[in-house]
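So that we are looking at the same thing, I have put the structure below in structure tokens.
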């Protein structure tokens, strides 16, 4: 049985290769892992105590068989921790706590799925797309980047880069839609007609401003929007209360842990 | 002109390969370097501030031509810093301050040279042997290790592992002389007859206890003994006063900096 | 003497007997139950839960943690569910898990401290109450009480009178003379002192020109503070006769042994839990291995044997 | 406003004008001349030499430094050549090198402090005297004076009367209320305060059971202490009107800017010199680049502009 409850494991890097501005890293772990799209791992792979804290990375994929698991991540170098990760080689050890957090929900009544990834946010929504693709659900993908080179390689896209189903957007127009991913989403929403088949659901991950815009565009149309938030984390499993974000619960604004009650929240609850 | 005064340079690792328990690392530096055997470098090659301090390593060899220098080190993994070094790969950056310290002296009147290296101490005396070999001076090498595998590879020995000239010693008798390098040295001293050609000089590097024994055996015979001492260092270039050792100067015991007045001291002056 | 196979790790903190000296630190271990996926928390010497207040506390606005070299600043602001929910919802589950537990408490006023202590006195499963007189992140988090011997003495006396539980007083390191502070707690009736809480620190962003924490300042913890914590624990051990519980930057068995060597009765592990959720049990195992290697049959023979 | 090509980095520490805010810290820069192989030391805002005493001081026995997570402990014990040799042998060479210099001083008694200050008053090339009232590593290194406002006030007054040089008083961080200490120095006539000196710490070897420093305790410095130093500098800036010189864990221009942002008039760089002898000049260049990038023409426009 693949494990589903959080564990701290010592992994070993199998591959850690760059593709454009993204790195894709595969790690061998002692047992196969079962995860919900949107869940993440806390990763620390460097010697010494500086940086001290592990870094959260969405679980991109998992595999393996009994006694021999693998897990994959996709990341972008933005600071010291991710720079250190990018310098690791096959064979190097990596410590992981996983799977963590509350992932996306897939209730039966939602039948159409739109997945929105801004920047490296695709690493969080692709696993959801892969799951939908596997069960032959109806989904579309919206990917936003500043420029062409900052889009993920086409063969990483679950189901392939099928035009009409995959909407690439670049701020500078070097690929796909000329403009932001939220602008493309708005256009698509304008053309969208609720079918009899069920509700539309949006799963989004990206910069907070983007998520807010997605929520503002879609919520008034009674679309169910789930957003995966980011936050600085110390522990990742709910014991430090460092990562909180403000959400509305029962009419009251309260601080909820992004690592535990999130990272995926119902967009209606988030205090933007 | 190769540089001789200390500089802080950013190097790039060319090779960093293990041979038995020793690593040999070659680093490209911006300019060729001229050094005195016994001089050392402060090396720091890891990201982050933990470990914080650079580590001293004897300069094993230098090369290169104008605008393109190389420097080599030999080291043994004993703790965190050296473990980090051993994990570095070709292409990785390395920061170096070099050349540092007061190296061995080669005054004209000393004509016979015995070089004594205990453990990784050979990394400090081999450069001296290489210099003597180059000027066809008369030298012998004594190398001590716990066991056969902990001796340096024969082809690292300046002038080659010529029997009679090179005395290998192992505590467990698995190679060469069965016993400590100091025991072998004592035997050799018993057989030694001062020739008319000049004085005998001993250059030694290794554990402090070994150096003390060398000094006690040789100084009474009026042999000139130079020892290279170790010490925990913060700066390596004489500004923190962290690395001092007690030496006698003009009849008084004073604290002198191992990194500046040393690491090579006249064994008569050291307060053991 | 033959080498013992399983050294005796038990330690005594006043009247409280612990199966080993490793205690999880308040604020870094949630309510304890979050660790049950990782290991059986009854293996710990004790579990100390997040600081409890009379009423649920929302905590500070986000921007609560900043990483620093080998350390971190936090300004959580003591977000917690309040003592009532702890007593009714959490304590029974901790008891079921077989954990030895202590509750860390704080109040905005002396009266609140007393009320929380009184409420917790009714909970049989609690082995001790740890009085947080040193949280730097809320105005009323005790640091006002904890930074002078007089303030600490007054607070300790009042809480001492309010509860029959063993009382551990947690000290602030932001003081000139930790020995005097520890003595004040001892004289006021503390059964033990715990130190150190976090050191007040700050971080700002040169570009945005803003503090990185919403609270402006926060508490520094982690390996960075270990040398300071060890020195203060050593000084406290010399200053008082009651047990001293050492904490600050402990990440490994080696670190824990340093605190035990200078005289600590037990140790707490905080920030280390974040990077390695198994830190506490790995430290217990490491201490045991050390004693076996050094042929020491009882931890008590090792404690406080620093050679000067 | 057009982007300035070369921003104005000059700062004023009281009456002392510095070409930039970066000063090398006492005890980490030798007598300054050791750095001449690396760069032209006249490029620095100022150079502060190793703490000078009336007579040459041998310092502590070896076992003087220990590395700690992102920091180090030192217990050098103020080994130095004494004020006379400094005045006759070193000062002229520093003057030749074109360096702006301040001398850090300490004494075992108030009288010794006065005598050293008096002797240095005769040296025209010295821009200021920095009074070390905070060395934790020798009994008489000032920490006794520096840990209470009264002690510091008395010492500062006496040294103030003994010299006409600008007097910078270097404060100990091992206190409950840094603001009160800074005010004491100000009221006693200091022209500026420098903080922080090292935080008292300790390290022991669990196996040998011995302290790692011959002096048992030592002073913690380096990146580990930066958050604490920054907080204290911020508090001192709010407490006094005289300039505050910020120090503690600065390794990069970004770090230095944090101190300037909270109000420091200038900064000192200590431990960073060890790993990177060029640290000070790289920090100067980095500050300049930052101002260019941010289109700030004068450092003085940036200093103390923290947004709260």
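The chains carry the letters A, B, C and D, assigned in the order they are written, with residues numbered from 1 in each.
Criterion: a contact is a pair of C-beta atoms (placed from the backbone, for glycine too) under 8 Å apart; a residue touches a chain by one contact, two chains touch by 3 or more.
Since we're looking at a predicted model, the values are computed, not measured.
**Student:** Give me the set of chains touching subunit A intersected with the set touching subunit C.
**Tutor:** In this structure, the chains that contact subunit C and also subunit A are B, D.
**Student:** From the mean C-alpha coordinate of subunit B to that of subunit C, what's the distance rounded to whole Å?
**Tutor:** Inter-chain centre distance comes to 48 Å.
**Student:** Centroid of subunit C to centroid of subunit D, CA atoms only: how many Å?
**Tutor:** Roughly 34 Å, centre to centre.
**Student:** On a C-alpha centroid basis, what's the spacing between subunit A and subunit B, in Å?
**Tutor:** 53
**Student:** At least two other chains touched by the same residue of subunit C: list those residues.
**Tutor:** Within subunit C, the residues that touch at least two other chains are 66, 68-71, 222-224.
**Student:** Counting only residues that touch at least two other chains, what does the list for subunit B look like?
**Tutor:** Within subunit B, the residues that touch at least two other chains are 48-51.
**Student:** Which of line, ring, star, complete and other names the graph you get from chains that touch?
**Tutor:** complete
**Student:** In their shared complex, at which residues does subunit B touch subunit D?
**Tutor:** For subunit B paired with subunit D, touching residues are 5-8, 42, 44, 48-54, 95, 97, 231-246, 254-255.
**Student:** Give the list of subunit B residues in touch with subunit C in this complex.
**Tutor:** 48-50
**Student:** Okay, in this complex, where on subunit D does subunit A touch?
**Tutor:** Subunit D residues touching subunit A: 69-70, 223.
**Student:** Provide the residue numbers of subunit A that touch subunit B in the complex, in ascending order.
**Tutor:** Listed in rising order, the residues are 46-51, 80, 83-84, 87, 89, 92.
**Student:** If you look only at subunit D, which of its residues touch subunit B in the complex?
**Tutor:** Where subunit D meets subunit B, its residues are 27-30, 34-35, 37-38, 50, 58-59, 61-62, 64-72, 74, 76, 79, 222-224, 251, 271, 273-278.
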